[in-house]
Amino acid sequence: MLEFINSNIQIIYLVILMIFVGVELIEKVPSVLHTPLMSGANAIHGVVIIGAIIIMGQAESTFAIILGFISVILGTLNVVGGFVVTDRMLEMFKKKK
Amino acid sequence: MLEFINSNIQIIYLVILMIFVGVELIEKVPSVLHTPLMSGANAIHGVVIIGAIIIMGQAESTFAIILGFISVILGTLNVVGGFVVTDRMLEMFKKKK
Amino acid sequence: MNKEILQLIYLVGSISFMIGLKMLSKPDTARKGNLIAAFGMTIAILGTIFLYEGIKISNYGWIFGGLIIGTLLGTLSAKKVKMTKMPEMVSLFNGMGGACAMLISAVEFTHLTHNHEIGALPKGHLLIIMLGLIIGSISFVGSLVAWGKLSGHLGDKTLKLQQVVNIGLLLLILGITCYTIMVGPPETITYFYAIWGLSVLYGILFVMPIGGADMPVVISLLNSFTGVAAAMGGFLYDNKVMLVGGILVGSAGTLLTLVMCKAMNRSLTNVLIGNFGGGGGNGESTTSLSGGHVREINVGDTAILLKYANNVIIVPGYGLAVAQAQHVCHELEEILEKEGVGVKYAIHPVAGRMPGHMNVLLAESNVSYDKLIEMEHINPEFSTTDVVLVVGANDVVNPAAKTDPSSPIYGMPILDVENAKNIIVMKRSMKAGYAGIENELFFQPKTSMLFGDAKGTLTKLVSEIKAL
Amino acid sequence: MNKEILQLIYLVGSISFMIGLKMLSKPDTARKGNLIAAFGMTIAILGTIFLYEGIKISNYGWIFGGLIIGTLLGTLSAKKVKMTKMPEMVSLFNGMGGACAMLISAVEFTHLTHNHEIGALPKGHLLIIMLGLIIGSISFVGSLVAWGKLSGHLGDKTLKLQQVVNIGLLLLILGITCYTIMVGPPETITYFYAIWGLSVLYGILFVMPIGGADMPVVISLLNSFTGVAAAMGGFLYDNKVMLVGGILVGSAGTLLTLVMCKAMNRSLTNVLIGNFGGGGGNGESTTSLSGGHVREINVGDTAILLKYANNVIIVPGYGLAVAQAQHVCHELEEILEKEGVGVKYAIHPVAGRMPGHMNVLLAESNVSYDKLIEMEHINPEFSTTDVVLVVGANDVVNPAAKTDPSSPIYGMPILDVENAKNIIVMKRSMKAGYAGIENELFFQPKTSMLFGDAKGTLTKLVSEIKAL
């Protein structure tokens, strides 16, 4: 345990700081923005697509190619759909006369 | 440059995240708390005392011992004085009937 | 060299996620923040494709193919979805992310078993892969179920002892995972697929019993799950941008879930495990517990009351969304404004079935943003208001939240409509709202009920006022 | 093993700094937050003493000696300092931290030159050490100067071409530093001491010309400097807790500085380089530009006005602090309350000479926290207030901030005292306040001036009201 903590101390600091940043960013959000924010965060975790690209890029067997291809599509859906939907929601909030 | 960034990438992430945390924490602070907060932050940077302890602990020459001793005293002043002053200020803010 | 540049790109991407999320949390900058995050994502993706070491040239076709298909499908569905179907859409996209994390784990597991002896698999890697698999699967299947419920394809189904089964299942999954990692038995591969299957099952059982109306909370929770699953990818590939994106969303999503629960005055456990207490008043009744009587009003009288009022506050609720009455509601507002009546909307944070539901809905029908006043700011104004028009809202105007400690919604902040001179409530019947409890407001002397579907009634109201 | 435990202690310490700072930014939790940060500091210090590798047994005496002396001196001076002298004290403690960072750099430099050939010193280390030296020295000397100014030992001294000299000096320092690090000349040691000396000089010249009243902003800036200097120590020893503490304070301090400037409607550059524009109205005049006249009132009439008012708002300003009139002000409040007059205090964010100055001052005299109302909340109340008593405030009630775009304070939010039925202004003369500009408020028909030292006048007022 102690050993594990020590060999990963940098990552542990990073993770703790990130959690802090995430929490701080949300604390101030007005309730009107809850849904767009949820949707924007949803798009951001689509960064998992990078993992999909990596496995796709290294795939050799048909199994890996098929799964990789599917996961690239799914990841892209998450990213693109997420950002577009968020943008559409936020478009509605712009002040109108 | 590129090389430097790469060999210190973890630290760079750490520093950026910390800056973010610092900024986020302050953004919400009501003006009443500016002075206590400044004073509390002042106490926290007294963590430099740890450096003073390290040089003191390893000191061999008289020069190092004297400078180390002075810096331990100065650092302690910063830490202890800082926290006590902050506490005194905040004590005043507690609700009174 | 490539590697160094890629690191730098990831750094910029990570920062753009943080800044984007920060800007997303303020109304003025939200839209720009979304674009910044999208920019960071784009460079991170392109950087990975062109600079990541070990991507085989022959696979570029597949990668771009997948990207193009995903982009087309994603853009199309995101563009054409109706505003009221947003939560479903978000849930679906979230599920895609979960599935992606799940598949990555599956592929990486086969790599792992290829390159190492079973029984000598590196424990750290295995743990990360399995966590990614479990969380990703739960998020994937859970999101699909949530989507099904929101769009009405699935009802609430509760097995007997549901909670016991769920907890048992979760323990079983974790147990097998620990055993597999620690001991590294020869059947590791079998166990891996067993864990996968059980996780999928758990995803279904986890979301199935939760009330359809609680879905926004659940979606937010699953959103943060997918974030954590993405972060596992970050650990796996030692990839900072995945780590930052995943963990940011994981922590922000968790807090957002709690904030949403708080706005409804329910605990997360309450949402996940129990449904509301008695649900007594679900039947209809026209006399209240305290003996008050219901006073009905017709469209003609309402029209007169509204036309000659100085100021009117409209309180929209879930019923407005059900009836899709936002456009005619805006029409009513315009006509009244033309007659010199001041009209505002009172927006309760949890009116409707998702946070900001009313804002999104009314914005869709071009209601000016300045007219949407949040609860804290509008509450003091009710006492000087001539007419309050409650359109399909119920719980958010229920005074029991303030007066009756035994009520399930006790403590939830509500709109103080009962301070106004006249209150007109539009709904179809005397049935209860989401919380399933009776509403004393409907029996108060100042309140009149205008029964009927919100859209129909509002349309009639508009033509009546025009005719006056 | 020791090393591992120490890492863990540092981790806990770092987290406690973050949590402490977070709690410090909310009124309810501020005090606890301070204690949590202090706890984290304590374990980090003790951990270093007992677990750091390479601390010689023979030096424990010195270490504990230093700690004990520092603790005694620190506690004593912090306990007995007067509340109004707080900014001085903070400045002094900040200077100690800067000096500590500076000395560490000096010692580490001698280590470096011991262990390496001159000319082959490791560049990275050298850079960190020099930055620590420069920033630490500036912070140390600058804080001392700020302390001197605040406590009145030092006046404002501006050389001709001060800004040019300062910038030149800074460039010189940076130039020598770069040269020394890059080239590694044989005179490295000489250059090092030259840099040290020049930094000390820069610290003096940097703070000297800045107006005494701007010191709180400067202290906040120097505070963040010390944070950065501490972070250099973190890099030097690869010590995470120093890094976290230093950088947190560096970034939080910088933002705090900007927030403080914003509350005064001045830019940081403005504070650091220029003094206020014309400073025209610094002489006395009894007719305003727009022709209004000053109406005087005596203590007797004021007493009657106050006693028979329904509600009174007291607006404290810098003059209250100068006159040390907070206790008698509280006495006045109590007497009025006893007579059935509702009394509140209107707190402007930058009234006085440091943020929260008025809160600290009034709290010292036991004024209840509930009676101190912040600007945004009290502004709507002025229109229903019978008497506003302005005690030694000037700029914060100057309507020019709202009406005169050419005024140096234009755009600063102010207290809307001119909406009240009667305004009584207590000050010694018609002289201007901090911004050096005339105040139309004093010439308005509803305003009466009550000249004299705040403490004396308030004391008379109290006995007059008692006698009535």
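Labels A, B, C and D are assigned to the chains in the order they are written; within every chain, residues are numbered from 1.
The working rule: contacts are C-beta pairs under 8 Å (C-beta built on N, C-alpha and C of every residue); 3 or more make two chains touch, one makes a residue touch a chain.
These numbers were taken from a predicted model, which means no experiment stands behind them.
Visitor: For the pairs B-C and A-C, output the one whose chains share more C-beta pairs in contact.
Guide: Ranking B-C and A-C by C-beta contacts puts A-C first.
Visitor: Averaging over Cα atoms per chain, report the distance between chain A and chain D in Å.
Guide: Distance between chain centres, rounded to whole Å: 41 Å.
Visitor: Quick check: how many Å separate the C-alpha centres of chain C and chain D?
Guide: Averaging C-alpha atoms per chain gives centres 44 Å apart.
Visitor: Per the centroid of Cα atoms for each chain, what is the distance between chain A and chain C, given in Å?
Guide: Between these chains, centre-to-centre, one finds 17 Å.
Visitor: For chain A, which residues are shared contacts with two or more other chains?
Guide: Expected reply: 11, 13-14, 17-18, 20-21, 24-25, 27-28.
Visitor: Give the residues of chain D touching no fewer than two other chains, as numbers and ranges.
Guide: Touching at least two other chains: 18, 22, 244.
Visitor: Following the definition at the start, I'd like every touching pair of chains, please.
Guide: A-B, A-C, A-D, B-C, B-D
Visitor: In the complex of these two chains, what residues of chain D are touching chain A?
Guide: On the chain D side, the touching residues are 1, 3-5, 7-8, 11, 14-15, 18, 22, 240, 244.
Visitor: Residues of chain B touching chain C in their complex?
Guide: Chain B reaches chain C through residues 2-3, 5-6, 9, 12-13, 16, 20, 24.
Visitor: Can you list the residues on chain A that touch chain C in the complex?
Guide: 11, 14-15, 18-23, 25-61, 63-65, 67-97
Visitor: Write out the stretch or stretches of chain B touching chain A in their complex.
Guide: Chain B residues touching chain A: 10-11, 13-14, 17-18, 20-21, 24-25, 27-28.
Visitor: Mind listing the chain C positions that touch chain A in their complex?
Guide: Checking each residue of chain C against chain A gives 13, 17-18, 20-22, 24-27, 30-31, 33-35, 37-38, 41, 44-45, 48-49, 52, 54-56, 59, 62-63, 65-67, 69-71, 73-75, 77-79, 81, 83, 86-87, 89-90, 92-94, 96-97, 99-101, 103-104, 106-108, 110, 216, 219-220, 223-224, 226-227, 229-230, 233, 235-237, 239, 241-253, 255-256, 259-260, 263, 347, 349-350, 354-357, 359-360, 363-364, 366, 368-370, 372, 374.
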